[in-house]
Amino acid sequence: MALAKRRFPLPDSQTIPGQTVAVHGEGHNPALLHHFAEQQQQRDAASLGMWIFLATEVMFFGGLFCAYLIYRLKYFAEFSAASKTLALSLGATNTAVLICSSLTVVLAVYAAQHAKRSMLLGNLILTIILGFVFLGIKAVEYNEKFEKHHVPGPSFQFNEVNIPGHPGQYANPSHAQIFFALYFVMTGLHALHMIIGIGIFVWLLTAAWKGRFTPQYNTPVEIGGLYWHFVDIIWIYLFPLLYLIDRHP
Amino acid sequence: MSEHSSSPLKTYVTIWLTLLAGTALTVYAATVDLGHFNAAVALTIASCKALLVALFFMHIRGASEKLVKLVVIATVFFLFILLALSMADYGTRAWS
Amino acid sequence: MATENPQPERVNYLNKEYGVGSWLLTTDHKRIALLYLISITFFFFIGGFFALLIRLELLTPAGDLVQADTYNKLFTMHGMVMIFFFLIPSIPAVLGNFLVPMMIGAKDLAFPRINLLSWYLYIIGGVMMLHCMLTGGVDTGWTFYTPFSTAYTNTKIVEAGLAIFVAGFSSILTGLNFVVTIHRMRAPGMTWSRLPLFIWAHYATSIIQILGTPVVAITIVLVAVERTLHLGIFDPKLGGDPLLFQHLFWFYSHPAVYIMILPSMGIVSEIIACFSRKRIFGYSFVALSSIAIAVFGFLVWAHHMFVAGISVYAALIFSLLSYAVAVPSAVKVFNWTATLYKGSIHYDAPMLYAFGFLGLFTMGGLTGLFLAALGINVHVTDTYFVVAHFHYIMVGGAVMGYLGGMHFWWPKISGKLYPEGWARLAALIVFIGFNLTFFPQFILGYVGMPRRYYQYPPEFQVLNVLSTAGATVLGVGYLLPMIYFLWSMRYGKPAPDNPWNAAGLEWKTASPPPTFNFDEEPVVTWEAYNYEQLDGARKEEVPVAG
Amino acid sequence: MFDNFPLWPQRASTMAGNVDALYIFLVIVSGLMTLLIFTAVIFFAARFRRRRGVPAEQIEGSTPLELTWSVIPFVVFMVIFLWGAVVYFKGRTPPRDATEVYVVAKQWMWKLEHAEGQREINELHVPVGRDVKLIMTSQDVIHSFFVPAFRMKQDVLPGRYTVAWFHATKPGTYHLFCAEYCGTQHSGMIGSIIVMEPAQYEAWMSGGSTGPLSATGEKIFAELGCSTCHRTDTQGRGPNLQGVFGKPVLLEDGRTVIADENYVRESILDPGAKIVNGFKPVMPTFQGLVSEEQLNALVAYVKSLSNAGESGVKASPAVLVPAKGAGKAPAKGSQVQ
């Protein structure tokens, strides 16, 4: 641990050498919180805090993956039949959209660290646009599910649907309903996290627009980036598990 | 993060292309009938993609701190505990 | 030094600023700890009131005090309030919030604003739970088992579930705050081997809070979604498996019992070291056993489900792992006892609570071995034997530790000394009342009285009467500390900086401490529990407090 | 009010002795350990109380001592674990020729049906000295069949069968409790197990029987038209059910499963789940068309087809050597009124 070189917070009058005083013109760097000794400690703390928060998110989705694993092994036939009704092309496009958004996020973090204002703003905007594209495609998919009565609940219908690989054998509607219950909860929760991600990036965009991020202080962009990449990783797993259960002819 | 951990743009783009290729690969792999291995193949491809995102895009590789790596590994371990020990029940229910 | 401080009232975190805003918008970890203290005590007495009603109802075999439904709501609410709104937050949020930054020489937690957010989440959850209680309550037991909770009751499950969901995030964020603070904000020289065992215990607790709570959060979301949108995941009519709910629920709820007991273990380590004037015997073993309990705690959850219908082989695996998790607890008890050897022991109130903890936690832990043995579990699970076991651990262990900690650090928190005589009396009453309440329940359990029974066969009445008598004594025992703590706020003698002459950074600063804890940042050059130095420096004067 | 104040549950089944033995062993071990800790704490507290001028002796700790009080408890724990596992396995493997009772748990009552056809509510008459196997399911929420005198408890789940067994050794009336919280009258969902001498049991059996359960099952089998596909010859569209029960069945997707009660139930309610090898998935589902009682009767009928060799109705009461525990004088505790 880099303990030794840490010093007690500087008395208010003395600023960190080479530190451009930000817009507020206060004595020391405005972003350095009072209880941190110095910038590096605050950045490390924020980064570790976000990683631990991502650990809670992994366990949060983990409960759903556990339910998915158990019901997939129990009702594989119905799961493959129900998975086949999902639009593979839309799912694949969404995965590509999220991967591109991860690229723009990483470029935004790079831009913040190298004081490239236009590149930062451009990539932030691109990320937000890609986020909305993802939600748009998701809305199209959900709408199609509503029309086909595949939404679990009283209106659910899944009669005479063949089980792939077993012509003439029909999927049990109640077991298929469990698949769609899991599908809606998992993708719904992921979409909710996507909406929160877009909110964070809109806030980052406004802060970047006001020029708050400098090569010395860009932790929020980094933290927002970590969160976005995590949401992308969750989709990287959701896509094959939900869409690609049994696609061979 | 200090200077050295943000890789140049070239690395990002190559990682990005690899991820897209991975997506295409997993979609193709699903159309090939590998029996039980379909699930295993899909999961390995997804895990490779997730690892790429974590190592390069989330800067785990460049980070000096071993602590962040420890947090990630510990989380995956506890998720594995949840899945494995639940399967200890469901997997052996048919034996008795 | 234990000298009186007659100079004018120094500026500390209590008198630095006044007004409601200075409390409700504070980011000072000490003030947030006091906010938690008030709200937690409030919920403790609500839960305790329900407990008394339950015990009164069980005085007679027939159900004649309240209706069956009301009784079911009583034990459900008693469980939910006590577990989610008292036991889980109490020590980490009150004593942990107050002491973790001070013990490691930091000015505050890593994320003070998130710390305040945690308290507001706790309060929002608490208000939702109160509203749910006042407008109908829940009758599923604190375990929410499906399909009863999802399809066979129309009480306010979704509202209670969301209250716990929100309060759960308060627990997650507290855990996150502690881990980052302990990693990133230790004073220079405060290496891991010099950390007080209180910090090790809270580090282990935070690991469980971070990794366990989200799983119960998603489980509650699934129950809420199943009730409102009819997305049937646990619904047997659709082929859903009610045991899956139990797996996901207990994956968190067993580690949750370690969230409740580990902080008390940390407190007891501090108290026994201070009042024996000795370093804890086998410091590194006690520290690592906290971490071992946290990690092993996640491997054992299905010992709550041995008769629920899981496969015989899974029951074997979980029974074996449950015995593995018992070893670190046993190591801790042996080390505490060994610490007393060749000590210089003084029986102040905190030490009496520590002795109480030692005795009752040992009995609670040993009865856990009964429940982990498959053969016996079949007979005693879901009976009063289980009720007695977990009350011995939670009330005998966690609450005794909490009261011991409150007495030990009260001078530091309030700057006042509590009345020592009354405190020792309260410790005795709590110990006697506790045993009278819960020991008969072991016998009741083995004789076969099931849990959550509103009316019971007449032959169980004598033991139930004993238990109810004990409950009233316990109730009095718990009222006493609240009274004399409040009394001491007003009339207590001002406390010196280090009344117990204890080791630890929190005793190096004033009591009550200034807002930023230390006038100049401490640099740690001594090992943990350096009582030899402390006693060496003042060989002649015996630190008699109060 | 205090006339009947048991401090120890009655011992009325073969399992009771085993469970009590392990329990007493654990009480002794824990008692010794608690005594050890209490005396150590009190002795140290008194012997090393604070005296002026006598400082505490700083002892760092000793690794060998730590290892001893880690390894020794673990070894003791393993002994307890193995002993507990043996008792558990014995309690969870019903003997082959046990007489069967079908239990249907419903919110706040127990419905029991003997294989011989008797139906009872909240009461179960069984002969002493015979293995009884309970095949249980629930119509609504999770319940739990708990007989303290037999040291037996097994949760009863909706949607599947759970199995428990006991071998009563002492005539008498014993409590039956529901041990898993199931709603308002959870504490009212109680009953009694009446263990009778074989002669008394025969007398009770003869009256009020509507014919064996398997016979009722056969009637339902015909009414629902099952016999049109499941024929006794091999031309039927469904598999021939003679001698199927209890044997492994090769499925169409290559798996082999044992045809137990859960398999028969699943094949009736969800035929598509496990298609027998060489047959087409044409069987319609009977979900919602068959009550739990009819389902139990059908399972009993399918079972009777496989042990056609035996006399079917009354399995001969195998003479069993009374278990170790049963030989001793019955434990204290009078008849439960």
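Per-chain residue numbering starts at 1, and chain names A, B, C and D are given in the order in which the chains are listed.
Operating definition for what follows: contacts are C-beta pairs under 8 Å (C-beta built on N, C-alpha and C of every residue); 3 or more make two chains touch, one makes a residue touch a chain.
Being a predicted model, the structure only gives us computed values, none of them experimental.
Enquirer: Across the interfaces B-C and A-D, which one involves more C-beta pairs in contact?
Expert: Answer by contact count: B-C.
Enquirer: Looking at mean CA positions, which chain is nearest the middle of everything shown?
Expert: C
Enquirer: Counting in whole Å, what is the centre-to-centre distance of chain A and chain C, each centre being its mean C-alpha position?
Expert: For chain A versus chain C, the centre distance works out to 35 Å.
Enquirer: Just curious, how far off is chain D from chain A if you go by their C-alpha centres, in Å?
Expert: It comes to 48 Å between the two C-alpha centres.
Enquirer: Using Cα averages as centroids, what's the distance between chain A and chain B in whole Å?
Expert: The computed centroid separation for chain A versus chain B comes out at 15 Å.
Enquirer: At which residue positions does chain C touch at least two other chains?
Expert: 183, 211, 215, 237, 239, 241, 243-244, 247, 251, 312
Enquirer: Mind pulling the chain B residues that touch 2 or more other chains?
Expert: Residues 67, 74-75, 78, 82, 86, 90, 96.
Enquirer: Of all residues in chain D, which are in touch with two or more distinct other chains?
Expert: Residue numbers touching two or more other chains: 92, 270.
Enquirer: Which residues of chain B touch chain C once you look at their complex with the stated criterion?
Expert: 67, 74-75, 78, 81-82, 85-86, 88-90, 92-93, 95-96
Enquirer: Which residues of chain D touch chain A in the complex?
Expert: Within the complex, chain D touches chain A at residues 270, 272-273, 275, 280-281, 285.
Enquirer: Give the list of chain C residues in touch with chain A in this complex.
Expert: On the chain C side, the touching residues are 106-108, 110-112, 114, 172, 176-177, 179-180, 183-186, 188-189, 210-215, 217-219, 221-222, 225-226, 229-233, 237-241, 244, 247-248, 251, 516, 520-521.
Enquirer: Would you tell me which residues of chain D are touching chain C in their complex?
Expert: 1-2, 4-9, 18-19, 22-23, 26, 30, 33-34, 37-38, 40-41, 44-45, 48-63, 65-66, 69-70, 73-74, 77-78, 80-81, 83-89, 91-92, 107, 140-142, 144, 146, 148-149, 151-155, 157-160, 162, 175, 177-188, 190, 270, 336
Enquirer: With touch defined as at the start, can you tell me which chain A residues reach chain C in the complex?
Expert: My answer: residues 1, 3-4, 6, 8-9, 33-36, 41, 44-45, 48-49, 52-53, 55-57, 59-64, 66-67, 70-71, 74-75, 152-154, 172, 174-175, 177-178, 181-182, 184-185, 189.
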